[in-house]
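Look at the two complexes coming up: subunit A is in both, with subunit B in one and subunit C in the other.
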Partner chain A sequence: MPLKSILRISSAVWVAPILIPIVLYYASSYPPATFEPYTLALSAAGEFTVAIAVPVCAACAAWEAGRLRRAGWYPLPHVRSPLAIALSALAPVVALGWLSITIAVLYRLLGAGLVAVPDLRILAVAFVLFVAHSLLGFAIGVRLPPVVSVPSVLVVIWCWMALPPALEPLWIRHLTGDLSACCDLSSDLAPRAVAGSVIVAAGLGVSAVLLVRQRLDLLRFALAVASVLVAFGLGTRVVYGMGPYPAVPRSPSALVCSSGVPRVCIWPEHRERLKQAERIIGEVIQRWRVHGIRAPREFSEQSPDQLPSGTGSFMITSESRPGDIVDTLAYGMLPPYPACALADTSYYTGQAARDNAYAWLAYTAGVSRDRIASEISPGALHTIEMVRAMPRDSQLAWLHRNLAHSLDCGAPPRLGSGG
Partner chain B sequence: MKLWLRVRRSATCAATALGVAAALFLISNLYLPLPNLFGGAGLRVPVALLLPLAVAIVVAWGLTTGEPLLEAVASRPLLAMDALYAVSAAAFTLLVCALVQEMGRNGLALAAGRNALGYVGLALIGRWLLGSQAGALLPTGLTFIVSWVGYGAGRHPHWWAWQLHTTADLISWVVALWLLTTGAAVSLVRARYVDGES
Partner chain C sequence: MSLSFERVSFRYRRASQAVFVDFFWKIPNGRTVLLGPNGAGKSTLLALGADMLRPDKGIVSYRTLQTTRRSDRAAYRRAVGWMPQQVRAVPGLTAREQVAYAGWLKGLSRSRSWLAAARALDRVGLSELAGRKTSSLSGGQLRRVGLAQALVHEAEVLLLDEPTAGLDPAQRARFREILAELPDELPVVVSTHQVDDLSELFDIVAVIENGTIRFEGEVSVFMDLAPQGVTERRAEAAYTSIIPRER
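Take a look at the complex of A and B:
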């Protein structure tokens, strides 16, 4: 179709001045999974607006089909296949949708001061969503009058895009293509979430391709329904058991490491802080060594549950001050919480011991008294001030006792007078 | 009269209203979780308040299925009958929703009934403004936009987001009734052009 005709008649052109500002506004307001300059997280936050743009584009597609239907042109014999006709009518609609998401993603990246290529996996999923749902809207539009098809497609696809996060089990949400909850620095986009979304969208697309035929027979309709069911079945199989986030641990090969001792590894987004982190960690290790604490020879910013054994954990952000880094080093020396603290299997009794150990490690690492009082507890500060008056070996024995008690689980306290 | 009712899809409309009531009966706490752009906790747009859009769509559809040129020269007052049909459909939906509320199955059923009044009114106004084929786009499009921007920071709907309020809000009832009355009134004026389709 000539560009001049597209500009004159396509509903996408009429909708664009409304849709793009709304999408931009939403994309700029939606909080990403991390406020660090992480291309993936910012791209995903921009992609959140598919929940707005996909239903609108599908409704536009239904309108385009309705135009051809009302003109009495669609049922006539054509040289081109129905799919070619549909794609020709839908090109401006899909272009509008994908462009709006791409603009939103770029806006997020530039807003965070990043001049970078957006995460192409996110944009590819968005493209598949736009093509599939627009085709579906078109297929409905050639069967029903616009007065029914356009609003119905808008509302039904909107509900499909927005409703799953309110439903359980949690993995249902990974079938819609909304990847906006991805990802903090130590995580990457889950291939299963991408695959689940693409499979379901492809099923909807195949079903639409079957339905856009000029003459619809029962077999074709049955195949269309079957393709949707098969896609949902396969998609469910792929995402089954996933949690609320479309994320997997990020590959450690992305880490940027120093060459000295201690060896410090951080994510490339914090590359410019590597020297500072190395210096601070070296100083803290020295202080702990004076108190008899053996610190690991390697520290990494990886998620603690992904760390190789013998590697210490610390956290850093673009806003971290040196005191924050020292604090996270002390916290990283604590053992992981026991299962009873994370589940309701039994009662966690080790919190006070954990606070004491944390306070002692932070104090000896150089964290200020005020910070310990405010961030851990005034009681823990009081305790470690008394412990610090003890001989070094006694302090070490006290620390190890508290570390061991921090794993304690016991019986819950009995409340009330009964029993 | 029977033919007119059949052409207007009155049976489909009644079935849709009953379907909305049945859906309200079954879903008591289903909502669309949306982020709150104005700060605070995320939004929860009750699906119950969106369901009556189906009635507005079917009413708008029924009003397009006649033969406009023939109807333009009909001896019966078809415009008035159409307006009465739309108002009756909205009132019937309100009635069945009120019954669901009375049965205690869904605390938002009456609000959904109120929304049926407003949505049908908007569909009639949309028909008059945008043409008969685009009539139902007005309630649907407005509700789509209002759901995203109609809540304030404290998860409370703005006064103008009438379709998001619970039944206790008097203004929302006034607005819904006003929209239905206005829609019925503009339906009495023949459109400048006809674009019906069966």
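Take a look at the complex of A and C:
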């Protein structure tokens, strides 16, 4: 059959004018993990709609199988293998699904002003999802009449794709192929999330290949069930313990660094702001030096928890003004929060000291009084102004005391009547 | 032709009785008509020959190709053209698309099957309806589409299961004309209830009953089985001499 005949009869062609606008609408309304022009994050946000497109395509696949089933053609003694027949019928369906996601991804990229190749890992996972679930829809469609197979495939696969991301434990969502929560600039797509999704999809695909055989026997059925169970087992083993985000720290090798002193490293998406960042950081270091603060010789945009020791951190966005960058430099000079500050049940007594230290560092770095006033209490601001009037060594001693206290978890206040 | 059944046993899954037990038949060359009462095993035999059904025991083979041998299966299926008793329209497809699809399923490339579909439809006299959806064709036209499907991949043997059942006399006559136009060198087996005009169409008659070939011979020999003195409907008389009516 020529391509135009295939396109004329395929349900994918009829569904496309409905599916693609829906996919575009949802993909454009879903917020990416970062608003920075990060190809990966925008591609992932575009992939958000697999939860809609995959079940629709699987239902189309069930419909296509139903076409052969109704005509009594499927069990005939063909030369082509059942898999070849299925893939031939499913090519337009898979193409529609994958195209809809690719269009959504490109729409996100172009909407952010990025003319770039989408992240191919995201598109590859989407492709695997479409192939596997469409095969599954086809396998069900050859066994059940379309009136049963189409709606049941649509609903069951939608539930599988859409519900786990809303459920706990959090790692379950990484089995479905939903990568939309990936990634801010400091992170990259987690290979475990990709592997988990692909393993489960492959398991479903293998079971579908076993089920599309013309002569289905108990052994094949048992193998099909086993392949799903094994895939879920393996997939769970891979993603077990993961948090909500399918992300890992981004490789520092992607950083773009200046060659001067201080050495400043930023993510390639901010490449055009490297010189500005280098200049601002140089100025802040000078100001701190006057006040006796020894700043690191290297600053990086990496996530603070990934920084090598002796490297200062700062943050920059496409929208950052110079004052914002200076402010993040002051934050970057603070020590990491102690464990008690991060635990839900602990009481952190060092916050006031931390605020003091931040305010002093920001003030001396050149952040405006108004900006600092908007971030700390009036009392703390008054304290800082008094400290700033003290001799340099006294200021330094005060700063170090506050930095030390900021790590103090202390004891919780006694609030009872006996306290 | 050397399509043969050797010690073939077959029983439908939920049936209490086997259709064939140690059945042996080597289909002769030429055009064979397979006669028999309902339930005699005609359709089952052709379905086994087409590899639509697989024997529980025994061998179905064409030349050196066996249906039970996985490595032979594709070549066997390519060699045998089969028209099932019920030809159904694939929803949405035109006659040419349906025949081309059948050709592709039989291993032809897409482009070859598209061209071959036009030729096959021409052979069955349906060129003018090639662009019509099969769902809108009459029963007789759909049978011809079914024959075109069996012909499209240039099979070496043709098995036609009750190709004229349910057709009106005019459609039956048209179908017979088409069968008569098929090349002489193409071996054909036709199962049927109709015994008229046997001599014009077929070389061999085989009669099957209860999974056993009760008669096999040339048409003239078959006709001679009619009781002496019968001049009209001799084929029917010959047939009832083998399979009496009360059965």
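Basically, the second predicted complex is superposed on the first by the 410 of 419 C-alpha atoms of A that agree within 3 Å, B and C clash if a C-alpha of one lies under 4 Å from a C-alpha of the other, contacts with A are read in each partner's own complex, and residues count from 1 in each chain.
Everything below uses one rule, namely that contacts are C-beta pairs under 8 Å (C-beta built on N, C-alpha and C of every residue); 3 or more make two chains touch, one makes a residue touch a chain.
Please read these numbers as outputs of a predicted model, since none were measured by experiment.
A.B. asks: When the two structures are superposed on subunit A, do subunit B and subunit C clash or fit side by side?
C.D. replies: fit
A.B. asks: In the superposed model, which partner reaches more residues of subunit A, subunit B or subunit C?
C.D. replies: Subunit A has more residues touched by B than by the other partner.
A.B. asks: Once chain A of both complexes is superposed, is A:Cys159 in touch with subunit B (first), subunit C (second), both, or neither?
C.D. replies: The answer is first: A:Cys159 touches subunit B but not subunit C.
A.B. asks: With both complexes overlaid on chain A, does A:Val79 touch subunit B (first), subunit C (second), both or neither?
C.D. replies: Second partner only, subunit C.
A.B. asks: Contacts for A:Gly350 in the overlay, against subunit B (first) and subunit C (second): which applies, first, second, both or neither?
C.D. replies: neither
A.B. asks: Just subunit B (first), just subunit C (second), both, or neither: which does A:Ser5 touch?
C.D. replies: In the superposed model, A:Ser5 contacts subunit C only, not subunit B.
A.B. asks: Check whether A:Val148 is in contact with subunit B, with subunit C, with both or with neither, and answer first, second, both or neither.
C.D. replies: First partner only.
A.B. asks: Determine, under the contact definition given at the top, whether A:Arg70 touches first (subunit B), second (subunit C), both, or neither.
C.D. replies: both
A.B. asks: Once the two structures are placed together by chain A, how many degrees is the angle at subunit A between subunit B and subunit C, based on Cα centres and rounded to a multiple of 10?
C.D. replies: Apex at subunit A; the opening toward subunit B and subunit C is 50 degrees.
A.B. asks: When the two structures are overlaid on chain A, which partner does A:Pro296 contact: first (subunit B), second (subunit C), both, or neither?
C.D. replies: neither
A.B. asks: Just to confirm the geometry: in the superposition, how small does the C-alpha gap between subunit B and subunit C get, in angstrom?
C.D. replies: 11
A.B. asks: Shared contact residues on subunit A for subunit B and subunit C?
C.D. replies: 70
A.B. asks: List the residues on subunit A that touch subunit C in their complex, please.
C.D. replies: For subunit A paired with subunit C, touching residues are 1-2, 5, 8-9, 67-68, 70-73, 75-80, 85, 88, 215.
A.B. asks: Considering only the defined contacts, which subunit A positions touch subunit B in the complex?
C.D. replies: 22, 25-26, 29-31, 48, 51-52, 55, 66, 70, 145-148, 150-152, 154-155, 158-159, 162-163, 165-166
A.B. asks: Help me check something: in the complex, which residues belonging to subunit B touch subunit A?
C.D. replies: Against subunit A, subunit B makes touches at 30-35, 37, 44, 47, 50, 53, 57-58, 60-61, 64, 132-137, 139-141, 144-145, 148, 195, 197-198.
A.B. asks: Considering only the defined contacts, which subunit C positions touch subunit A in the complex?
C.D. replies: It comes out as residues 50-52, 54, 74, 77-78, 80, 82, 84, 86, 88-94, 97, 100-101, 104-107, 110-111, 113-114.
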